[in-house]
Amino acid sequence: MRGCAGILKIPMSAHSKPVISESRIRVRYAETDQMGVVYHSNHFIWFEVGRVDLLRQLGFTYKQMEKDDQLFIPLVDARCRYKAPALYDDELIVRTHVRNFREKLIVFGYELVRTTDNLLLAEGETTHVITGSDLKPRTLPEKYIEALAGAAGRPHASGIK
Amino acid sequence: MRGCAGILKIPMSAHSKPVISESRIRVRYAETDQMGVVYHSNHFIWFEVGRVDLLRQLGFTYKQMEKDDQLFIPLVDARCRYKAPALYDDELIVRTHVRNFREKLIVFGYELVRTTDNLLLAEGETTHVITGSDLKPRTLPEKYIEALAGAAGRPHASGIK
Amino acid sequence: MRGCAGILKIPMSAHSKPVISESRIRVRYAETDQMGVVYHSNHFIWFEVGRVDLLRQLGFTYKQMEKDDQLFIPLVDARCRYKAPALYDDELIVRTHVRNFREKLIVFGYELVRTTDNLLLAEGETTHVITGSDLKPRTLPEKYIEALAGAAGRPHASGIK
Amino acid sequence: MRGCAGILKIPMSAHSKPVISESRIRVRYAETDQMGVVYHSNHFIWFEVGRVDLLRQLGFTYKQMEKDDQLFIPLVDARCRYKAPALYDDELIVRTHVRNFREKLIVFGYELVRTTDNLLLAEGETTHVITGSDLKPRTLPEKYIEALAGAAGRPHASGIK
């Protein structure tokens, strides 16, 4: 992987098992609209819940990333494909994984599933750049690179650009 | 009013006419819920729109208050009485006025009215303390006191505590 | 209590113990604002989470109230007093109880507490009327009256108007 | 175009000029997060504002589509590319156009621009299916097809599948 400038697709058959976090969501009334289903922008907030839980599972919190390391991960791209509506009071699971990453960029992938019948309600991904509090680009410190490499199921994080 | 320590009810028959700002709101689909009406927490966001427009009408912006003077006005109390539901795509007006103020506290009052028939949909008020960016109490600078006194229809702002 | 037309304050020293539900909330990034704290309208959404959990604890769900009995509980009044800011990633508990009720009206009371130090962040209450799907007033069916009377710590629900 | 089953890319050099609506947005404090910029899910709500204004400009309102024709346009795909942060109190314009459509599907495209310097803050698109109130697929009535064809700058709407 040394010297690779482009983004790396993480093969699902990688050396170690990729980490997939699971976050439970109960649909709030506030999240529904008059169509009787969840309004579509809420899925992106649930993806945030998933993303933060995945980071927590990797041993660090986004809160501390901001506080201790002055690291921010603003979005540059967000996408969601809606398969079936989420309904009021549904119990959902957000499954989150690291889809790709480089030292200046992370891509998270998400699946939104209804717990009662395991139906896939939506799929999405968000692309984030690494910045300081001034929103200027920064390089992800080594400890995060290691953790993300583990999460992505990569044997080594060396040589990632 | 000199030496008055308590909060001052502004008489509506005061010496000058109180300022009432009017902000137009178009109800968004995102703001409705599956009851087919606007979800109640959105009214407090519309009150924010009204409050900021009132300040703008008084000659300063809340944005500049934060940036230039490091002044913040976090809420300590918020209330809304709902008279009739706001519906999707309704055109509404938020009428905002300064109900009370002291040098460390401001109370705004709001009326939410539907434009088509002038029906009162909701009334509310929010109480704010004046703080710095550290959320510690501060005293409102003189220029704001003067503007708020004018907005409240008071002849003089002197002696306000 | 027979024949009482006004709203009934539930004495906390009532015959049976009032039910207080506890709902866990993890503050989402989406709920913060640029002051670095949770934006105030979100507290009302958290109160909704608390209210629904209290109903669930009493043996019925708000979802089924709407579906099976065509019962809705729109708000006529909402209030929150903010004591201390809620911060990103905080773990909070919403404690909800039935403060008052009649056959056409319910008042819920809320406390928002930070789990790490049990600090009270906010207190609130919401008043709801009972309606059909047409938002016209209805009378709460007996099974709900009984459950709410139990929740409120009242010995009997008889004679409530 | 007769017999074309796939989705139709609307050439920008089409026979008539495509309609691009412009919606003004003032950034609300509620829409910011503790990064000091607008939280990313709000862009999708602004796109809704743009979409509804475009329909209004074409001579019908989404509200009436739902009420009179029992037509709904739930999303199946939503995407946003973020170029620069939107800030509190910014005045923005959402430019909306019909990117593609068939009789069972509409794709809207959006540009989010800051008014002060015309800077492009974000681009997005949303894909909608046409359904009844039961969220089952329906075919777009002729009057909407005609209006959308005009909006897309197509000479004729005939033969669209």
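By written order: A, B, C and D. Residues from 1 in each chain.
Just so it is clear, a contact is a pair of C-beta atoms (placed from the backbone, for glycine too) under 8 Å apart; a residue touches a chain by one contact, two chains touch by 3 or more.
As the structure is a prediction and not an experimental result, all values here were calculated from the model.
Among the pairs A-B and B-C, the greater number of C-beta contacts is found at B-C. The chain with its C-alpha centre at the largest distance from the centre of chain D is C. In this assembly, the C-alpha centroid of chain A lies 33 Å from the C-alpha centroid of chain C. Annotation: 27 Å between the Cα-based centres of chain B and chain C.
Centroids of chain A and chain B (each the mean of its C-alpha atoms) stand 38 Å apart.
Touching of two or more other chains is recorded for residues 29-30, 34-35, 37, 41, 45, 88 of chain D. Taken chain by chain, the contacts link every pair, so each chain touches all the others. Only residues 34-35, 37, 40-42, 44-45, 66, 72, 74-82, 85, 135 of chain B touch chain C when the two sit together in their complex. The part of chain C that touches chain D in the complex is made up of residues 29-30, 32-37, 39, 41, 88.
Of all residues in chain D, only 26, 28-30, 45, 48-49, 52, 61-63, 88-89 touch chain B in the complex they form.
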